[in-house]
């Protein structure tokens, strides 16, 4: 589609971060750059970075909002480690982001915002030359973005404030010029958004073009660049965040289960979106219930499962604590309910807007008694669709609560989603039990799933509850034999899930020197590192787990095919603990606890260290 | 003290279980036998077995209540595996307990209670000869206990019901006779209990003596026995349950900390006793607060810790789920609060009156984020005193929440407690911080304990909370550096506790073939098994952990001194998992999930299997 | 099981043993519920009993219906899910004074204000039974229990007032020892469309024996019970006394006055007796009546009967209406539309050959 | 820091940035609290602010006092512990409509009924602010938010009525945009011995802007605010209207009537206006007043001021009295007595030589 322009420098991949005050519209700017690049044909991956405050005082460090886009002519799997370009709309944004800009990277600042007052708010001393320490190693472009925007809009009959608000479009236009992007998709989007306010629409388009032309005109930018389209698998795509994909996945699961979806939840960052998203889908028969707390959220979901709905509840770490008692009830009553945990930084309220993988042991073990729950993890934003369906499928086919794990990075990050052929999705295999003659509440099929007879079914009346019971009849029974047997059955039932799993995929050779074993949002970084190490000729492969409980039956053999197993995690070694104890394999961890996604270069460096030790 | 009587057969150890309907007074009977034996000089250990129902319908299986006493001329550490004597007051009690009676054991039944009606309630067919299947392997004594009691009390001007209620004393008298016990301590106790009701007092004493004389008179019992007093360490003793010892331990800790004790709790079996016990101690400055739920219980405790009290909260497994979110807040705010978890059978409501060790992973990992909490476990009823003090000491000296683990077996079991020399108890080493000049809320001492300045201290005003913070100042800080640093500090602080621990005690040789590694209520059974295996010449030793987090620094070296490490637990391998993952030692589990305490003979058999494999 | 067969009490009795203490008030409640259910014209399989934890909460095990013995204090949440997923069911919540007002108080409030269309039986024995005798939120101040050896400090909650203040559309009180009355109330609750909250005085003969004796005692019951009947004046003690509204200094207060033997329906001081109107939209009067005879008002008789019963759309009704609205506005959703929404782009096979 | 120094507002302002959205109503509350505290004669170090989670709950960080930002909905429990352990402190709970009435509703009830002697500031913005705009338990029915695109179904709770029904000994309402009034109320709350519950109308200009505009708007504020003053009649709208008790069919109802311009203190229909008496032991009238102008009663003005302020022993008082009683009955306990209790026996050195 694109015609090559020999004046432009060709690049494979670029990472840009737009950052500024919460009020500066950076999320929107980033989203536009993303959409344009996606439509252009690049592979993309994004990661926004919100402040914990809703709208902290203007100009403060706490108020900085950022949006990062990685776009490429290759297939990419992360939002990028280091930045090629940093657009900083004020000193606070500069201060909190500058360290991520790579050697020789481009810094574009809105110089009008670098006032003494704003410098002070960002904690700089008034007459400090804040750029000086960087000028030797990066390329600094001070652009009077505000002033130029106002000038461009001179003739508009609008309040100055409203005009100034268009400055993000100026910045966007400028970056479009540098990276040779077309303006049309953003113009279309502006038209759909401001259709009813022609003045504002015009102003935004004017600012966008002004930015674009500014780049064209001045000589400051020696080069412009082009990132050709990627060799992307043919198909229809949309850009999607993890939380959106989870919501759609649940709706799809509801179709595959032929049961209405019920979600009982209580808002909490970063899971709230899923509830919000699903409340748009009433015309799909989705029932959303905003409960008084997390406990009521899962309680209502469990009730709806007993009543035969496809039941889910969504939360983040602190909410899991509150749901644990009910998760345990779902274990002993063997009811299908999916608990989606969108992990965030902890402990306690911790770092509510930052990413982390520190809930794994909590969802596996945070309950009294021996209480096995299957755990399924999504590895990227678009992967949430399939992972959510998989969680629901296991719940319904195996009659068990299931934990679905995602995290902030996946939840708010986005990437192109190759839309699935819906006819390939497999219906869930299960049935409501309706025959009183053959009914017993804890009678099981070959998967050890118990019979599911819902209230309203004549002749199958029965009571379930949290006390230990006798198998088959489900009658309360606290005897030694009953407890021993039921403990075993509950464990086996979960273990049996592994027998239905496909062979574990290995990225790379199935034997070698080093195996990266991962789960969750670290997928992209690990994959990128793996591919690059492979490209360097190293015998490195990757396995990324969809199922953490039960683990795939073939995992041990795969691991034993490598001299070294390395487990990168955004925690202090939670999957490591499980692997080490279960297989007595001396797996090493790469453990990062600094609120950031894993860095590819770090992974590569550490892998080489491990390889060097072999 | 006791004079040897050559007509009596000498025994080392005897285990008796009294069982009957909840209304039959079996707990009381058992307690009397215990006290008499203790005063006589035997070593003793007891374990009651309550029904889950308060008072299930008379005569039903659900209503059976039992009390087991192990008394011995040796030092003993368990309430006994198999029974030498079973006293069954009705068919339901017979049915649920007979399997525990050993080959050639003595069964005494109240034959008057084996009516068609009662047999039916216990699920027997009317004309079944229920004793027949056993008669070849046990000694059955059918005693008309009710009739004889009524006969003995013929002359008393009491309702028949009241007379019948004395039948437990008859049964007690009979067992006293068989085991050559004096009646005087029970007579004294009756006098103190019924002092104001002379009629009832006399009737009970009469029934007691009638039982004793009945044994003496009839020829049914060929032998009587004597269990000589034990070689017990000199000292003052009392019989104590685990829950009583915890309560007293907390009061002692309050003295050692020189701070009033605050307990915020919500009733739950089997932890309720501790709250009840402590509410007797208002004159010790103990504040007990029965909160509206478990969350409020720990919340109030944390508040009282912030205010400078010695803070504890007590619960069992299902309550831990509710407390987890607050436990996490205590981790990040680094406040001293002791969470006592008296474990019971799970999952969910599970088996509320049965014992289990299945909360270990929950208390270690049941929180979002990396959230380390020290864990201290008691190993027997009397040990709860020291363990409770140790938990409080760590909390206060290291400024951290601490989990104290006990379980049903310890909580309601009892044993003689050699009363400590109180002057040997060490005061806690800590200070409230009072100097504004040197104050910062997260400034730390060499143990990494932060400064504790309580509200009311002039000049040390500060705010703490659940968001990530910067060290020293404690200011909210969600930056990569702050989070990385604080994660490390929190982990190190807990790890540092290990540096203050005494060398780990090994029972037996410090090197050998097999090391039993245990924690909690399995202590007695493992110790007994270890000693017996040693007596058989096998190279078996025992380590029993007081501290599960952090583990003692010398543990690894000790374990590596043995060919095999075996970890017996009343769970599916929770400590095993930690040991295996941490040290990559192929520790084997002996895992029992049948509501019962570990059996010594089982342990010995399994140990021999493992030794055989070596 | 076919609908044709006429249901009887026996159809609602489950197999196993009932395991409450002999003499417990819970037995009578069980029996009354089993008596009333077959008379309601609802097929047996449509009943679902959901409980929390406590002696009272063992109830579902003893009913031969669908049942769920959940966790402590949380029955309203599970029951809400059961009902929202299947509005056809007759869903009953069984709870205790600890379960429903201590740990579960918040769920009780929210279930009520949402008008979830659940039938709630709160067994009030003013004690924690299952954990063997600690004070509960309905125990009188100063009560000595195992955890309050010097008397409990908390001021008690009045369950009915609590429910009415939370917006109950139906609120009633009865006594487990008065099966006839209890059955009448159960029938009224079943007939109500909306959440029906019933406080049941229930004797725990083991840990709080006699808590409600004065309502049953031959000598005192006439003066201690104020039986409410729609459209009838609030009279008691053999119609010798009644309740009047006393606007003492604009302070609305219900007080007892004696009936003027000479003038029907009027007190000795000439006041009119209140006429009971459970359908009164305004909840104030029901709220005042609920306080009569409460622990903090021992002088007066306790109101027994339906205090309030008003119409209001249920949560489920509105939820379903919204779903219908959404479908009529947007059409029944298809997964295809959802997945293949407008912001898509297509990569062709030949793009970068 | 010595007591001698006179405290000023600046003493209560903490170092760092205040991070609420520009224009948020929370700023005014912060400023008012900082203004009032130095005037109370309480040493600075005796103040402790305890909050849950929410925008409102960031409050303690901005105060230079002892503070505790706890977890969502649970501030009352921590505050209860702080206060019971040190009754000398002036302990303030800061919460929001979601924090205090949704997840934390039960703790709010129990804290109030126990009369814990805490000062409770409930910032009511009728929305979840921190999680960016979902309906809360005080949002009006039908409210469209991110989780209720077709309008919320729940009937709202009235925080003040909730508090009064839970047994509040002090209940008041004020508006963040009326600092003078707010400060008066804060002072009254501080002076009250017992739990003082204050509902503060607070504008969330980002997610629920204008929720309380009618109380501030020049054109409407006179008719929408009913300012309460002890001993004064309930008049508003420039003393042209007032509240009377209407015993319509024995149904006590507060209604608005116009002031008779000719007869002072009497309405045009000749009714007497209610005279405000916050000390009224009976809580009924305060309860009725709390409902005035609520979301379900938009016709009437909302009562602003102290609705109720009555004396009652606090939980801590009784607890301490019990401790004293225990000491006087049994003597101050000694660990020795506790450990070496009567049921002991002694094993002698020589026993089994």
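Letters A, B, C and D mark the chains in the order given here, with residues in each chain numbered from 1 onward.
Criterion: contacts are C-beta pairs under 8 Å (C-beta built on N, C-alpha and C of every residue); 3 or more make two chains touch, one makes a residue touch a chain.
In this text the structure is predicted, and so the values were computed from the model without any measurement.
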> With respect to inter-chain C-beta contacts, which pair, B-C or A-C, contains the greater number?
Replying inline: A-C
>> Measuring between Cα centroids, which chain is at the maximum distance from chain C?
In response: A
> Counting in whole Å, what is the centre-to-centre distance of chain C and chain D, each centre being its mean C-alpha position?
Replying inline: 29
> For chain B and chain C, what's the span in angstrom between their mean Cα positions?
Replying inline: 40
>> Averaging over Cα atoms per chain, report the distance between chain A and chain B in Å.
In response: 46
> What whole-Å value do you get for the distance between chain A and chain C if each is reduced to the mean of its CA atoms?
Replying inline: 44
> Listing for chain C: what residues touch at least two other chains?
Replying inline: 53, 69, 71, 102-103, 105-106, 110, 137, 150, 319, 322, 325-326
>> Using the touch definition from the top, which residues of chain B touch two or more other chains?
In response: 282, 292-293, 318, 325, 329, 333, 348-349, 465-467
> Given the complex with chain D, which residues does chain B contribute to the contact?
Replying inline: 1, 35, 38-39, 41, 229-239, 248, 251-252, 255, 260, 262, 264, 281-285, 287, 289, 291-293, 295-309, 311, 325-326, 329, 333, 419-420, 422, 436, 454-467, 475-476
>> If we count contacts the way the header does, which residues on chain D are in touch with chain A in the complex?
In response: 17-22, 53, 55, 69, 71-73, 102-103, 105, 128-132, 134-135, 137, 146-150, 152, 206
>> Going by the contact rule set out above, which residues of chain A touch chain D in the complex?
In response: 53-58, 60, 62-63, 266-269, 272, 275-276, 279-280, 282, 288, 290, 292-294, 318, 348-349
> For chain D, which residues are in contact with chain C within the complex?
Replying inline: 102-106, 109-110, 113-115, 137, 150-151, 153-157, 161-162, 165-167, 245, 247, 249-253, 272, 274-275, 277, 280, 282, 284-285, 287-288, 315, 318-319, 322, 325-326
> Which of the residues in chain D end up touching chain B in this complex?
Replying inline: 1-3, 14, 16, 43-50, 53, 60-61, 63-71, 74, 76-86, 88-89, 106-107, 110, 319, 322-323, 325-327, 329-333, 335-336, 338-341, 343-349, 351-352
